[in-house]
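We just call them A, B, C, D and E in the order they show up, numbering each chain from 1.
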Amino acid sequence: MTAQTPPNVMEVRNVETFYGPIMALRGVSIDVPQGKIVTILGANGAGKTTLMKTVSGALDPEKGTVTFLGERVEGSEPDQMVRRGLAHVPEGREVFPFLSVEENLKLGAYTRRDREIGDDIEMCYQYFPILKERRAQQAGTLSGGQQQMLAIGRGLMARPKLMLLDEPSLGLSPLLVQEIFGIIRRLNEEQGVTMLLVEQNAQIALNTADYGYVLEIGRIVMANDADKLLASQDIQEFYLGGGHGANQRDQKRWKRKKTWR
Amino acid sequence: QTRGVTDDEIIIGAYQDLSGGFAAFSVPAVEAVNQLFEEVNAAGGIHGRQLRYIVEDHGYQVPRAAQAANKLVNRDNVFAMLLSLGTPHNLAAFRVMDPNGVPSVFPLTAARQMIEGPEELRYTATASYYDGVRAAAGFLIEGQGIETVCSMYIPSDFGEEIHEATVDEAEARGVNYAAETTHRPDESDFTGALARLREAGCELITVALTIRPTITVVATAKQMGWDDARFLVSSAGFHTAIAKVPGGITEGLYAGAGWQDLEARMETPEVAEWVATMMDRTGEFPGTGALLGQSAAHALVNALEIAGPDLTLESFTAAMETLDYDDPIAGNHMQMGPGDHEGATEIFISQIQDGGWVLVDTVETD
Amino acid sequence: MDALQLLIGGVANGCIYGLVALGFVLIYKASEAVNFAQGDMLMLGAFLGIAFINGDRADLPFLLGLIAASLCLGALAYALDRFVLRAIFGQPQFAMVILTIALGFILRFAAGTFWGYDPVSLETPFAGEILRLGSLTLAVADLIIILATGALTFTLWLFFGRTRLGVAMQASSQNQMAAYYMGIPVKRVNSIVWGLSGVVSAIAGVLFAAKGAVEPSVGLLFGIKAFAAAVIGGFGSLPGALLGGLLIGVIEQVAARYAPSGYSQIAPYALMLLVLILRPGGLFAQIAQKKV
Amino acid sequence: MRIHFKRSYDEDIRLFEDWRRMAKYAVLLAVMIALPALVSAYFLGEVTLVLIYCIAGMGLMILAGHTGQISLGHAAFMAIGAFSNLWFMEQGMSFLLALPLSAVFTGLVGAIIALPILRLSGIYLAIATLALSIIIEDIAIIAEPFTGGVGGVFAPPVDVLGTSVDRYGSPNLFYWMCLSVVVIVLLGYANLLRSATGRSFLAVRDSEVSARALGVNVTRTKALAFGLSCAVTGIAGALYAHFVQVVNYESFLVLLSINLVLLVVIGGLGSIHGAFFGAVVVGLMPQFIAIARDFLQGSVGIDISAYPGLDTTVFAVIIIAMVIYEPLGIYGFYMKIKTQWQLFPLARRDMFRRSKSYLKTERMR
Amino acid sequence: MSLLSVENLAIHFGGVKAVDGISFDVQAGEVFTIVGPNGAGKSTIFNLISRFYQPTHGKIVFDGQDITRTPAHNIAELGIARTFQNIELFDHSTVLQNLLVGGHTKRRASWIEDVLHLPRSRANEREARHAVEEIIDFLDLAAYRDKMIAGLPYGVRKVVEIARALASDPRLILLDEPASGLSVEETADMAFWIEDMKKDLGLTVLMVEHDMSLVSAVSDRVLAVVEGKPLALGTSAEVQSDPRVIEAYLGTAA
């Protein structure tokens, strides 16, 4: 490791995770350096969500190790991970449908005991004013995008050291997608929160991130600095949509085979 | 070769409720039978044959009782059933017992259907609930100048029987049968029902509930400040536990039953001895179930002795019909004869006084 | 006066239904699991109370015995969840239904083996005590039951709505994974609420035993009626559970007083079905159409 | 693992995937038909009861397993089936007519009850049906002209095409009769599952919202499922009445309802096989425990009968173990064994590991 | 003549005016897209059209027939199919079974025929399977045909849901955010499929979408809504250049 690389908040080594007989992760290793934003790209079903769940304790890896802040944590329960300083904003919102917006936010700070919780709720409301307007509404009746905002805000409430974001832009309007990534960058720069980000919108993810991994069918197939990935031919082709476009609408469909695998 | 009888064994069966709502009857009854059988076996058995008592639990469910009967009859090949509990359960089991010639000896229910059927296969132990309640109700109506009687009962054949007895006795005595309420076995509060009976001016109320609700009924009446009502239970409620309720809540309750309470007769040596044995065995003062178990098993053992080494259904029937003795534990007189398969017939009327049952009168029926 | 008397009796008995229903609702609120052994926990609580309080047993003073029984049953319920029910964490609700039905069988067996099958009664300092207010007679036992239940429901209601742990419990029931991601130790929270429900059941059991007698099989059917109470109130609502209990308690007495005999027993269930037909989620429903 | 190449849609629709499967079931059926020659009267009686449980189990499985509606009150419908069957026969109807008629009657009653009740779901439905099961006891007493009140009704002799079929008099015939009813119900059930109607049941179970969007009338479908379920359960009740030959209100207690639920869950929710596996366990387990107890007493001298109710408790413990270790029921276990067998020697133990799972509220539908 | 027309539609939830006076017409054969900020009421409009919600105001006319009071389960039969923002599949069934349920409205046999497996029921089955296999081919789902839904990747599920909607042989299909959660590549595929639906199957498509690349690629007309009210209507390019739409929805960088 070179001198300018910061220490790793999280190290994942050779992790294998199963759903019953299905092997979803086939030996994945990644590093998340302190204070950086790391993104994981990959097609649908590649195992991104599985990886996130494995490091946050929601799934147990069959093999391999996960180290968080210098401690081995694989197989711990998710609540212990939260206490250690990890916040996971899961795929698919997962808000508490019968609790009000505000109660949802308060629960985000469940592990905290300090007096600044109220301030942080105000901060969330600043980021997402609609939530303030709907603070007493049951979260289950919010629109899809509003629920996504609530899930992200709730994740922020934990004041984590490492934040996992699984497809945060899902279902958000273009304006809000920009805002979300702005928030991610600000939190990272101003409060030094380390981020591990899964995103389908590779363009914006790589623009935001410092480092990127590409996951395919349970394996890491590429890893590099974000800007290098952005420039890579393959990434251009398969994740950034180079080659497809409105001008090709009437052409016959065809697909180039990926060069790796 | 007689079914259930080998050179060294006689197999007796029973389907009981060991885990359901009537376990309070079955469990001690089985315990008492086992106690007596062990004693008999230890003394060499009956004509060299050991007694084996196979008990199946039906948890008061008819399907399981039917299964149990099938097993006992077709697999275990029992000679007779002793003390099987539950009316519909017995009726269902008779269907497999009758064609196979398995007698029903002293089933643990006093429903009158228990005596209907092929004569050589039916025996009951004590006076029916019906006779007991009629006799006791008559005694109270007569002795205390009661003019209005009522009834609270579970709508089962047990309850119906007591209800009928009350109605019949009221009619026979020319008094007014004024009101009735029916209940589920699980009921736990009787304020409304009692209010209704009080309104109707009931002076004597026959109660055909299981034990726990019986206690609650009497307690509730006291709480309502209804002090002058007389409650009468059948043999099913003639239970030591009721007399033992703390706070004197059940003081004054009457019972009409086919046997006498144990506690008051502790000076009788046989009673004292048996109570001691059972206390040793179970750590508890034997209650109604144990008493019924003991006296039924006692009668069966007597009959088997009399039937002699050549045990067949015919010799057994003949032996049962000769039974005629004082049962010291039950405190009644067991007597059968040809065409008479109902055992003891006297009715003992008792009342709870100072936390114990006290005999107030004895009535001879028939 | 007659009606008032009836009402009080019904309310007192309804309170016990309400307490058992409260036990269901507690567990449901924290895990959406339904405990079919709740009635048997009441039975166990009653026997424990007797074991601690009665003169021929431990002979503790009433209050002390009540506390001891509550603690015992609380600990037992906690342990049940910790060592048995936790094994099916995350399995469909149905598994829990089956598991608790089976547990009920075992609890009844245990009670029967320990304490026998004969009904026993609890010795209370207020057994048979009566307060007379004009023509109205009030059993002290009833009064105590009503006060205790009211206080307990209110406390629990505050706890669930206002405290951090209470809200966390509700969250756990709505989405276990998300609750974990908030740092809520969901499994432990479940065990705690089972313990709490055990305490409530013990109190219910002791109060129940103070009114009559108990035997191992009282729990099953009593539990079902308490279910009806919880459903009337809207499963998941604490005040609803109490209200449901009261309604059942009162309707039972009113029906026994005025309806033809044979029909009166149906009244509580008929009431429940009626409520459900009119309001499928009970009086204080917390069910919703899915937002798509 | 065998792979099937399908050449026509008919092959998808067929009941049996291939002739091997068909042969397997044919052999099973042959054994079942020959059973009276192979086993004792005692065992035959038990198997007959198991067959009746199978029918009741299939009835509940349609509802609980395939439509996702829990009923804790199905004993009530057994009762309705039993009493109506006996009443029809008392009116002079022949058994062969009375049996289907009582099924139709029970189904109708079920569907009518279903309409208000099926607006409920989950635990509300479970408890409402539980209440039904309790009420039916009182109704059976009140409806004395039809049910014989407290005393109950004795089953009149069954006459099938001029032959008397009696549980005790001609146990073999009675067994075969039950077996044929099982086969008929089974065929109907299998047909249902391979049809649009059956799929609409599954759809309602998995997502009412999308079922509705796809044109499934959810209320009607639930009522139909409930009605069919009750009709089949009613058949079981009718046969049961002739099996025990006397029924009263105490023949169909709540515990029977609970047993039926245990049956479908232990067998494996959502599969017809499950109803059969469950029936075998629930039907034979008490007897098995009793025999094991006799054996223990006879050979080792351990007497467990000193603990009354222990056998029920053993049963309960087995259920608990089952739920914990094999949540998919016996059918799940059977599938595991089968898969391992087919993959042999490639099967790995870890193929069946369970990963952590989490629940979400069911209060949103 | 327009296939679907919505007139002055409104629904209020307590104080929230989720949809507040929306009118538009969808012409047969076009792809009509609704865009708007989160919570603008787009999904609610879908829920109103598929009759999950009862509007407080307004009228919905499909193919000349007023469907404002038609029960939800009769909508599919009229020829309107839909997908859901959050994917609502039958999780414990296979892809094939899901699609077969899609064909529910096409069946003619009654349940009695089904139980007895009479010829009509069998014929139904054959037809249903035939139709479904075509859709499987159309959407390239052959590889997943017999897989359980639980466990399929998100992207595949999205396609299965569309396939299921197609199985009811609709004239109008409502797609709620078909591209959300899809990668760029898959989004491009989705564009082709929507094109094919329109061209090859002759379907009319009403879509809600936030991915502007897809919206531009396929939409004939776009309606922008904000806070339950219409904001702009026109071609994709027109709407995207409307300053009010940019301010409320797209942001400057779009």
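General observations
Here is the rule we use: a contact is a pair of C-beta atoms (placed from the backbone, for glycine too) under 8 Å apart; a residue touches a chain by one contact, two chains touch by 3 or more.
What you see is a predicted model; the values in this text were computed from it and never measured.
The minimum number of touch steps separating subunit A from subunit B is 2. Counted as hops between touching chains, the shortest connection from subunit C to subunit E is 1.
When the C-beta pairs in contact are tallied for A-C and for A-E, the bigger tally goes to A-E.
When every chain is reduced to the mean of its CA atoms, the largest separation from subunit E belongs to B. When you average the Cα atoms of each chain and compare centres, the chain farthest from subunit A turns out to be B.
Averaging C-alpha coordinates per chain places the centre of subunit D 40 Å away from that of subunit E. Between the Cα centres of subunit B and subunit E there is a gap of 72 Å.
Between the CA-based centres of subunit C and subunit D the separation comes to 32 Å, rounded to the whole angstrom.
Each chain gets a centre from the mean of its Cα atoms; for subunit B and subunit C, those two points are 34 Å apart. Among the residues of subunit B, those touching two or more other chains are numbered 19-20, 23, 26-27, 155, 184. In subunit C, the residues that reach two or more other chains under the touch definition are 105, 108-109, 112, 117, 174-175, 177, 180, 220-221, 262, 265, 286, 288-289, 291-292.
Those residues of subunit A in touch with two or more other chains are numbered 19, 58, 97-98, 140-142.
In summary, the structure contains touching chain pairs A-C, A-D, A-E, B-C, B-D, C-D, C-E, D-E. Residues of subunit E that touch subunit A in their complex: 13, 16, 36-40, 43-44, 85-86, 151-156, 177, 180-189, 191-192, 195, 210, 212-213, 216-217, 248-251, 253-254. Residues 2, 5-6, 9-10, 12-13, 16, 54-55, 105, 108-109, 112, 116-124, 127-128, 130, 132, 137, 139, 141-142, 208, 211-218, 220-222, 225, 249, 252-258, 261-262, 264-265 of subunit C are the ones that touch subunit B when the two sit in their complex. The part of subunit B that touches subunit D in the complex is made up of residues 16, 18-20, 23, 26-27, 30, 54-57, 59-64, 66-68, 70-71, 73-76, 86-88, 91-92, 95-96, 99, 113, 155-157, 159-160, 184.
On the side of subunit D, the complex with subunit C involves touching residues 70, 116-117, 119-124, 126-128, 130-132, 134-135, 138-139, 141-142, 209, 254, 258, 261-262, 265-266, 269, 307-310, 312-313, 315-317, 319-320, 323-324, 327, 356-365. The part of subunit B that touches subunit C in the complex is made up of residues 19-21, 23-24, 26-28, 155, 180-193, 195-196, 199, 211-213, 215-216, 219-220, 222-225, 239, 241, 244-249, 282, 284, 287.
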